[in-house]
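Sharing a structure below in structure tokens format, with a few things to ask.
The first chain written gets the first letter, and so on, giving A, B and C; residue counts start at 1 in each chain.
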Amino acid sequence: MGRVSLQGVTKKFGDVVAVDHLDLEVADREFLVLLGPSGCGKSTALRMIAGLEELTEGTITIGDRVVNDVEPKDRDLAMVFQSYALYPHLSVRKNIEFPLRTRGVPKETRAATVADAADSLGLTGLLDRKPGQLSGGQRQRVALARAIVRDPEAFLMDEPLSNLDAKLRVETRAELVELQQRLAATVIYVTHDQVEAMTMGDRIAVMSEGVLQQVGPPQEVYARPANLFVARFIGTPPMNTIPGAVAGANADVVVGVRPEHVTVGARGSGIDATVALIESLGHERHVICRLVDGSTVIARQRMDVAPPDANADVGLAFAPGDVHHFDAAGGARLG
Amino acid sequence: MRADSKSGRRLRTFGSYAILTVLAFIVLFPIYITVVNSLLRPVDIASRPPVFFPLHPKWSSYVDAWNGGHMSKYLVNSFIVTIAITVGQVVTAILAGYAFAFLEFPFKRSLFVVFLATLMVPFEVTVVTNLDTVRTLGWFNTYQGLAVPFLATGFGAFLVRQAFLQVPRDLSDAAALDGYGHWRFMTRVAVPIARPAVAALTVFGFLGAWNQFLWPLLATKDDKLRTVQIGLKTLRQTSLNDVNVTFAGAVIAVIPIAILLLAFQKHLVRGLTAGAVKG
Amino acid sequence: MTSSRTRRRRREASLGYLMLLPALVIFAVFIFYPFLRNFQLGFYLNPPFPNLPKRWVGFDQYRDILGSDSFISSLKTTVAFAFMTVPAGIGLGLALAVTANRRLRGIGVYRTIFSSTVATSVAVAAVIFSMLFNPIVGLLPWLGISPTPPIIENPNLALAAVALVTVWQTLGLTFILLSAGLQAIPEDLYEAAQVDGAGPNTRFWRITIPMLSPTLFFAVVIGSIHAFQSFGQIDIITSGGPFKRTNVLTYSIYGELNGTNGPPNPGKAAVLAIALFAITLGLTAVQMRVLERRVHYAR
């Protein structure tokens, strides 16, 4: 069973707490994305699951087995690295075969498994090349093939797409999800890219400064962010956050509105603002407005709506149902 | 105007070749005259004006150097000692370099400083006691005595460590997940990746060991153990009347290294420059 | 949990020490122990005849030897030797490297020739040149260079002759080193300078030399250390003579050990070895300091 469970997992490097009492349950066959800015502890968490870092505190369970003291090789996990970690002196075939060799799989079985994996990832014609002769996308697929042949309890992926160019990244995203469904595999996927998280994950776990902020399906995390950090981190452009006093609410709250929920109208409707900049993206428009206290609010407009004039004095309105309230002191969601 | 600059360029090219050829002649002349003299009769070597081309080459000087001058024995000794030293240096450097690059243990930094400190002690400074040590161990005038003191160098460990540090950390992590322990990771992944550095160290170690002079002079006492370098000195003293034999001996002493260098020129350059370009 | 972790750590540490052990044993026995024992040996005066007991004299021997005329003159000889070999060697090596650093057909052949002396050892070079210097069979006398007494026995020329051999023998090495440095200078720097109207001279002094300075610095340090440790060419060509005019420090250590000046005297050899070490160390430090300031890339 490819279930992975983290209980109170903590990692300290000297005085620095990289991961702080992380509780996380990953179900069998689930695609879970660990999302957060760089340095938030997501990679450290993944490396602890892999056994590459020791735990300072807590318990990690894979299947029904506590693996705290189990060597990486005995955890039955496969990992795909950001750099792909291909052995530069070995051919593609030898690279894919590598984990099987170390496990003493007989030669014929190895050859068949490698051929299958190569075939499913379109690598058959490249088996005798060295990694140095491959493109970035091909290397990435070799790294995947090497993970697949293991048939592990779970796949761990550390920013596997971030070295690809933008176009290839979009294509590979879809391929990865398809692959995960075909293999019925458990995947724990680390990324700083919220688009990857939103499009690929069954659930997203958002981390910041070593602390887990929220776990849930992508839509839920987007629609009901648990705190200000999540609200500001997910969504492009990010959620507007306005001090309660300026937005006409209590001073001890922060009001959050997504840009697509802001309507730019005439002065007097909603809160007062001045248009600072208008960015046209082709399919939509971002109207960047300045409030009286100097803070910025971004509104998304469809292109068929008439734009406001530059530097115009406007009013910003939003429906009560689209407004999020957060505690100004702690940042937690209210209601 | 165009024709002018064209002929000017041609003149410059010609000038470059002229200068290069003159310099090449000067650098190569001592080696050339050595080869010529090794093929002349002693009387011809002393003739004035000197003979600059052997019209009737006399190869017997090589036979004399090889047999009578014991050059064959010296060469064998040199090969045994040099190969032992080279293999030893490479193995100890890989082991130490791996420990410094991939393992964590108490006092690692201090121990690395100890390794670097060995570079500050010239061998000439240790020779007084080493001679006693080798005598005490019963290794005077033996192959062990010639080889063992040089089986490890701080330079080698440093060079290999630097190369190992270039091995991406993801690679060792991947290998750990794939079930490779340290020994297998070292021999199957780290060393193959660091091959350029290991090759440079091999060439460098071989050259250094082959050319040693002071220690084999002190630590041997007869032809049974003398290396080529010491043998050449002996040959010169014993064949004063047959200078052609000495010249032949010098050529014999150079040939193995010349072959090695022609084959591995690239690696030597890398070994030499490793210390110079640290960033 | 903790115990398994410490067990893993301990295993990794043991492996680390195990891997360092072979080198450490060699270093301990053949570098550090003999290095330290030099100091102890220096406290004992060796008897004038073998088989008599050594006598403890403490620092007296250090004072006597390091203050003696023979040590001072040996030191002067060593320094003079370094001054004869290092600048000349690097100057010639640089000349060869710059000359060969251009795109011409067949330049590889010239490069191989210029680096060819790496194939020779000190002993080979010394044997070849001692024959060429020889007044009967040598070529120099035929070229009209025939001083009396002959070069090798001539107190005014012997050291220079040994220096010449050294420069030639190390030329290949210097050439390779400086060539690699030259080739590392980006081509576009020269092109930019050319566009700016800099002539060949300006380019050499304003680009080549500053950009090459780290390599030159390295070559000077290595060259000096080599010069101070030169032995084979002196042993073969002059045996320290004439009148000890080529009796550099290493040769005087060898002399005390080998019994060239009476019975072997390890005590004296040890004191001389310490001096050699101190000089090498000091030399490196001074050079680092002095050259550090001038070694920088052009801004």
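Keep this in mind: a residue touches a chain if its C-beta (ideal position, glycine included) is under 8 Å from a C-beta of that chain, and two chains touch if they have at least 3 such contacts.
Note that the coordinates shown come from a computational prediction; the quantities given were computed from them, not determined experimentally.
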Checklist entry - Taking mean CA positions as centres, which chain lies farthest from subunit A? => result C
Checklist outcome for this item: Of A-B and B-C, the pair with more C-beta contacts is B-C
Checklist entry - How big is the gap, in whole Å, between where the Cα atoms of subunit A centre and where those of subunit C centre? => result 59
Checklist entry - How many angstrom between the C-alpha centroids of subunit B and subunit A? => result 55
Checklist entry - So what's the Cα centroid distance for subunit B and subunit C, whole Å? => result 15
Next on the checklist: With touch defined as at the start, can you tell me which subunit C residues reach subunit A in the complex?
Outcome noted: 1, 4-5
Checklist outcome for this item: Listed in rising order, the residues of subunit B that touch subunit A in the complex are 168, 170-171, 173-174, 176-180, 184, 189, 192-193, 195
Checklist entry - Which residues, counting only subunit A, touch subunit B once they are in their complex? => result 47, 50-52, 71-73, 75, 77-79, 81-85, 87-89, 98-99, 102-103
Checklist entry - Which residues, counting only subunit B, touch subunit C once they are in their complex? => result 13, 16-17, 19-20, 23-24, 27-28, 30-31, 33-34, 37, 42, 45-46, 48-50, 91-93, 95-96, 98-99, 103-106, 108, 111, 114-115, 118, 120-133, 148-152, 154, 157, 182, 207, 210-211, 213-214, 217-218, 228-230, 232-233, 236, 243, 246-247, 249-250, 253-254, 257-258, 261-262, 265, 268-269, 272-273, 275-277
Checklist entry - Within the complex, which stretch of subunit C touches subunit B? => result 9, 12-13, 15-17, 19-20, 22-24, 26-27, 29-35, 37-38, 41, 95-96, 99-100, 102, 104, 107, 110, 112-125, 127-132, 134, 136-137, 139, 142, 168, 171, 173, 176-177, 180-181, 184, 214-215, 218-219, 222, 225, 228-229, 231-232, 235-236, 250, 253-254, 257-258, 266, 269-270, 273-274, 276-277, 280-281, 284
